[in-house]
Amino acid sequence: MAENQNESYETFFRGIWRDNPVFVQVLGMCPMLAVTNSAINAVAMGMATLFVLVGSSFLVSSFKQWIPKQVRISAFIIIIATFVTVADYTLLALVPKVHKELGAFIPLIVANCMILGRQEAFASRNTVRLAVLDAMGMAGGFMVALFSLGAIREILGNGSLFGVDLFGEHFEPWVIMILPPGGFLTLGLILLFFNWVTQQKDKFIEQVAEAERVASDG
Amino acid sequence: MSEDKTPDAPAVSSTRLVLTLALAGLISGVAIIGIYEATLPTITINKARELREAVFKVVPGVTRMQKLVYKNGELVSTTETEKDEEPIYGGYDDEGGFIGYAIPGAGPGFQDVIGLLYGYKPDQKLVIGMEILESRETPGLGDKIYKDAEFVANFKELSVEPEIVTVKKGQKSEPNEVDIITGASISSKAVVRIINETHTVWSTRLPQPGSEPLMTESEKTVDEAK
Amino acid sequence: MNTLGLLRRNFDHGVHPAHLKKQTEDLAIQRVPFVSHYVMPLGQHIGVPCRPVVKVGERVGRGQLIAEPGGFVSTALHSPVTGTISEIDDFRGADGQFAPAIQIEADPYATQQPDSSAGIDWRSLSLEAFIGEVQKAGIVGMGGAAFPSHVKFSVPDGIKIRHLLINGAECEPYLTNDHRLMVERPEDLLMGAEIVRQKLGAEETIIGVEMNKPEAIEILQRHIQPGQPVRVVPLKVKYPQGAEKMLIKTVFDREVPAGQLPRDVEVSVNNVGTIVAIADYFLRGLPSIERIVTVSGPGASYPANLIVPLGTPVREVLRFCGGLKDETREVIMGGPMMGRPTASLDVPVLKGTSGILAFTEAETARPKEYPCIRCARCLEACPYFLNPSRFARLARARMFDEMEQYSVMDCVECGCCTFACPSHIPIVQLIRTGKDALRNRKEKPE
Amino acid sequence: MKQKDPDLLLMHAPLLRQGMTTPGAMRDVIYALTPVTLAALWFFGLGALLVLGASIAGAVLTEWFFALAQKRGESLLDASAILTGLLLGLTLPPGLPIWMAFLGGVVAIGLGKVIWGGLGHNLFNPALLGRAFLLATFPIPMTTWTPLRGSESFFHVSASNLALPFMQAKVDMVSSASPLGLMKFEQEVTPLTNLMFGNTLGSLGETSGVLLLLGGIYLWIRRDLDWRIPVSIMLAVVVFSGCLTLVDAVRFPSPLFSIFSGGLLLGAIYMATDPVTSPLTPRGTWIFGIGIGALVVLIRVFGGLPEGVMYAILLMNAATPLIDRYTQPRIFGR
Amino acid sequence: MDNLVWIFISSLLINNFVLAYFLGLCPFLGVSNSLETSFRLGLATIFVLLITALCSWFLNTYVLIYAPYLRLISFIVVIASTVQFIEMLIKKLSPALFRAMGIFLPLITTNCAILGLAIFATNRGYGLIEGIVFALGAGIGFTLAMVLLAGLREESELSDIPKLIQGIAMNLIIAGILSMAFMGFAGLFSAV
């Protein structure tokens, strides 16, 4: 049971950082860049993705025995599309303003390679429990990425976070940040930072390993 | 694309493949129709409210409205939505007296399509209000077409005779002139152009002032309080 | 097009290094005295090394055959001096590599008269016999490449040489050996040219001389007999005017197709020194045992144009001209653009050694190398219209296949690109790395 | 007597080099820009100096910082960072807050050069990249043209220059449109003499056509400049705008106006000719120049912006690898 | 007519699918390492986009007015089968091309550009001709962006790009710069 616990924990948190779908696997770029011009949009998109990913992972892992391999991709896509449609209508009914901002990118969740990828690589091969945990981890990681990008872009580009003014009225907004180039550049720089952190970490681990080796040799 | 994987997949009859997909389709269809039916009322209400708010904004003083379409040479009231129709909206006061039209228009702006709605008083040939519904203009510059109150104020009382023209900021002297926004001339000119173009289309379709379609009873009942 | 070409009389691109010939151009050729020993490497020419026909301890006369051709693309070697074979072994060459060579101890008491002094009746020779004689005489291209001349003269069936083009361009700075030959031995040059022309059956002889040698042009023109089918063509001063394909482009306004030889456009190009060597052999029976060498450069105490017996150690040649100045940092065999540096002064003068140049700090100091800023000066310099900048970048990225796609093998390493590079990138070396890598790959398929 | 051999080096041929060096070429460009810079100071006063200083400082400090971080060192000696900063500064409006100019310098070097691997490796003109970033980031300050100094003291600095970092500029004077803006939005033609001698509004370095041309001639004489690029750009602009003028002389500006207005000369002579980001091959440079000219006319006349030189050059920079690839010179004998 | 020109220019340059709408980023960032492949993939995408425009117009006109909720599902199914068809076609006609694109062909299905085109065209109520012009502009714009990026990437392979930046981060930054350069086209042909 303890091991199982460990595995669940691992499955969940893997998606957040180590295998982060955006920063590490570089998946799901389209919604990533298109809707992150404000934090609220990013979060809404993240929630919608979470809903779709968790829902379809649950279904796929539940019915994995009954889905023949030959048509699995089509079946996955139908399942995903169903959940996306549900999310689309729900958002339209509940928060029409946000839906208008996200526009065409809600239906485009279907085309997010990350979701299909998780079905193929994980949900269709694991238990329901793990599949849902993995989906939550991945979607969580996706949301972290969306949010950090959205927050950076909104803070610099509009001087606000979730619409709350941060710097007073004399702040000069960096308009580029909420324009398309700002999306590309910010994500590029975040990835750069991520690379750098990973590199430093690897270096550190190496140094520790080296020190241990020296110690054990000595 | 799964050719290389076929060998290790168990042989499955094609009937079963089709059945599986059909079943999946069925389930998804049911789910989709379910959510559609469940959310449709709210969505319809939301949309109607949004539209009404916009119409009320561009035609001040309006409390009731109805959709009008141009059909067979005359402007008639309708509640149905048909494809390829371009509706406008008639605005009325509580007594059903006609106040003005709200006419939607769209056209290319600086970045992307600008969609707007403007209020029009046919007897005075005046634009009496303008609201941008859709735009992706540059934040800080082009978005002034709806963020800059001074610019929007241009459209509170704007003559369309002979046509709306743009002038440099602060030089407005005639009733048909609009002060453009410094640094966002393209966007502000686009707004004016869209109104001009839309007006050219509709000026011939609108009936003589005084003979506007009457407010129909059916609309009145659907109308909710603001 | 042809008229235009004649008016233009030039090849495209190329560079304009300073001539630097003033030091030696008016110095008459002097003979270097015989020294105590000589080293004759067996591979002085392009192609297969020759095979020694003498043994250690054997006495040889000056001009006596000491090694025979090792194949068709190979040539004979003669003793430059009367003396005794003291060693047949590997000797260190200018590039620092060991290669087989014959060392000869000179006989200090010998007269040093050549073995044979009788000419050869060249008129009666057939073309094949003539070619055989040229191989026997050990004559190679004296311009620097040292390509066996008889191979050049052997034209496959179906091709006819119509023009004999004599290369007196001498476009390398500093060098004046060809210039002095033209000034001092115009009759021999014209006679040698006549022999080759008649044997090859060419219609005319054209001597291309760069315009910075007006004296040579004037003297040659004066010596041409009326009716003799010889023209002297003054050439624009530009490096590498002396590269045979460039010379052909200048004179005939024709491009030798890539991968083909001058003979494919009905031309045979030979250096002035080669032609004089042919004259020496057929008129006087003197095989290729000495050559003219220009000693110059800022590090040379007394610059000179010298007749040097082949195999003379560079040290001895330099000693004859008063040695090197103290500030000398580098000694180059050949011209400053394409010559090779030598690691030791004990290396001998070879058939292809056109000059011995001593350079000081000022010439060898390499300014800091900057990144390539893609200024395209190398493209404007490259006479083969290659893209050296790209080669250099590709070579650095070790993308050799891409280099081949950009035709790196067409490069002749003339050095124009490196000369022109404001960022001081050693482009030629980088190209050589690429070419070597490609060649090695070819030799070991898979 | 045995002579002692010197220690022989094995430097490879060619041992001769022509005299020009890369840093020398950079310095030449800076010299060529000196008159323009002085003219900018004359026309716009101390504010211009602050803006130029800030952009140069931004560029040089960034270069220095990354040189330290990557332990490359010495990269300041080639003067390229100073040149980038200067070029960027000359494309900025005189009233720009200096913190923005500084940021522009940082972006120009950081995004335009360092991440590509330094000098010679960037594929976009760093100065223009810095400017494009600034224009997209601060569209209003970047298109606010303060008037000429006129009778104001040289030491008068516009308050907008001194805005606090990250804060908006206080606009303390009525700004007007640049000649191109006037042309585009008001169909008002600025007299040519004003354009030629710099007596107009605009970016610091783009006002004086004559001085820009003089600098270009100096560079051409010094062989630091590929004449094909400016010539083909100007030819293309003249041809395209000439055709349009023939169609409608009121709506479309004359060729001479097109050449002398805006940043065309500055861009054509000093930015497009940046060897690093322009094609290598002669044929390529013609295509490059004509492309820039065509895009400039397209954007100026049919686009939403009054000026398009910067975008035209950046777009052609992006196309340069393709141009280079398809315009490889015919190899000798092939 | 003016409208068609604007739709074309807008989808080609001003609102380039990749550089302004972020559609089709997977192949844009993934396949663009070789010019040749990029160009071919671009052509394939143009083709698929045109088919998509036709399909979505058909669906919009004859199916979706009765069942708007089926929009997403029907788009996906139709597009996926079209791509399957293209894949088979390419496999048959040009095995070399098929090999060159390998795993990326199925990716066209999940390429957001395809679905995005259908959705945008529906949202904007484009007719058949407008839809085709839109698809053409978007497809050429996608190819243009792909080819430009591929050229830049091939060239930058010869550069000393620091290790840290190489890869996706660099591609994103190049894309950002391209996107910035494309901003110059804003307002093109709408101002006149």
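Every chain is named by a letter (A, B, C, D and E) in the order it is written, and numbering of its residues begins at 1.
Note that a contact is a pair of C-beta atoms (placed from the backbone, for glycine too) under 8 Å apart; a residue touches a chain by one contact, two chains touch by 3 or more.
For clarity, every value in this text was computed on a predicted model and none was experimentally measured.
Top contact pair of chains, counted by C-beta pairs, is C-D.
When chain centres are taken as C-alpha averages, the shortest distance to the whole-protein C-alpha average belongs to D. For the pair subunit C and subunit D, the distance between mean C-alpha positions equals 49 Å.
In terms of their C-alpha centroids, the spacing between subunit B and subunit D amounts to 45 Å. A straight line joining the Cα centres of subunit D and subunit E is 33 Å long. Here the CA centre of subunit A is 69 Å from the CA centre of subunit C.
Looking at subunit C, residues 371 sit in touch with two or more other chains.
Shared interface positions of subunit B, i.e. residues touching 2 or more other chains, are given as 1, 25, 28, 32, 35-36, 110, 138, 140-141, 186.
Among all residues of subunit A, those that touch two or more other chains are 74, 78, 81-82, 85, 89, 175-176, 179, 181-182, 185. Pairwise chain contacts present here: A-B, A-D, A-E, B-D, B-E, C-D, C-E, D-E [touch as defined].
The touching residues of subunit D, when paired with subunit A in their complex, are 97, 100, 111, 133, 136-139, 141, 163, 166-169.
Across the interface of their complex, subunit E is touched by residues 26-27, 29-30, 32-34, 74, 77-78, 81-82, 84-85, 88-89, 103-104, 107-108, 110-113, 116, 176, 179-185, 187-189, 191-192, 195-196, 199 of subunit A. Contact residues of subunit E toward subunit D in the complex are 35, 147-148, 151-152, 154-156, 159-162, 165, 170, 173-174, 177-178, 180-192. On the side of subunit B, the complex with subunit D involves touching residues 110, 138, 140-141, 168, 180, 183, 185-186. Interface residues of subunit E facing subunit B in the complex, by the touch rule stated above, are 6, 10, 14-15, 61, 65, 68-70, 73, 87, 105-106, 124, 186-187, 189-191.
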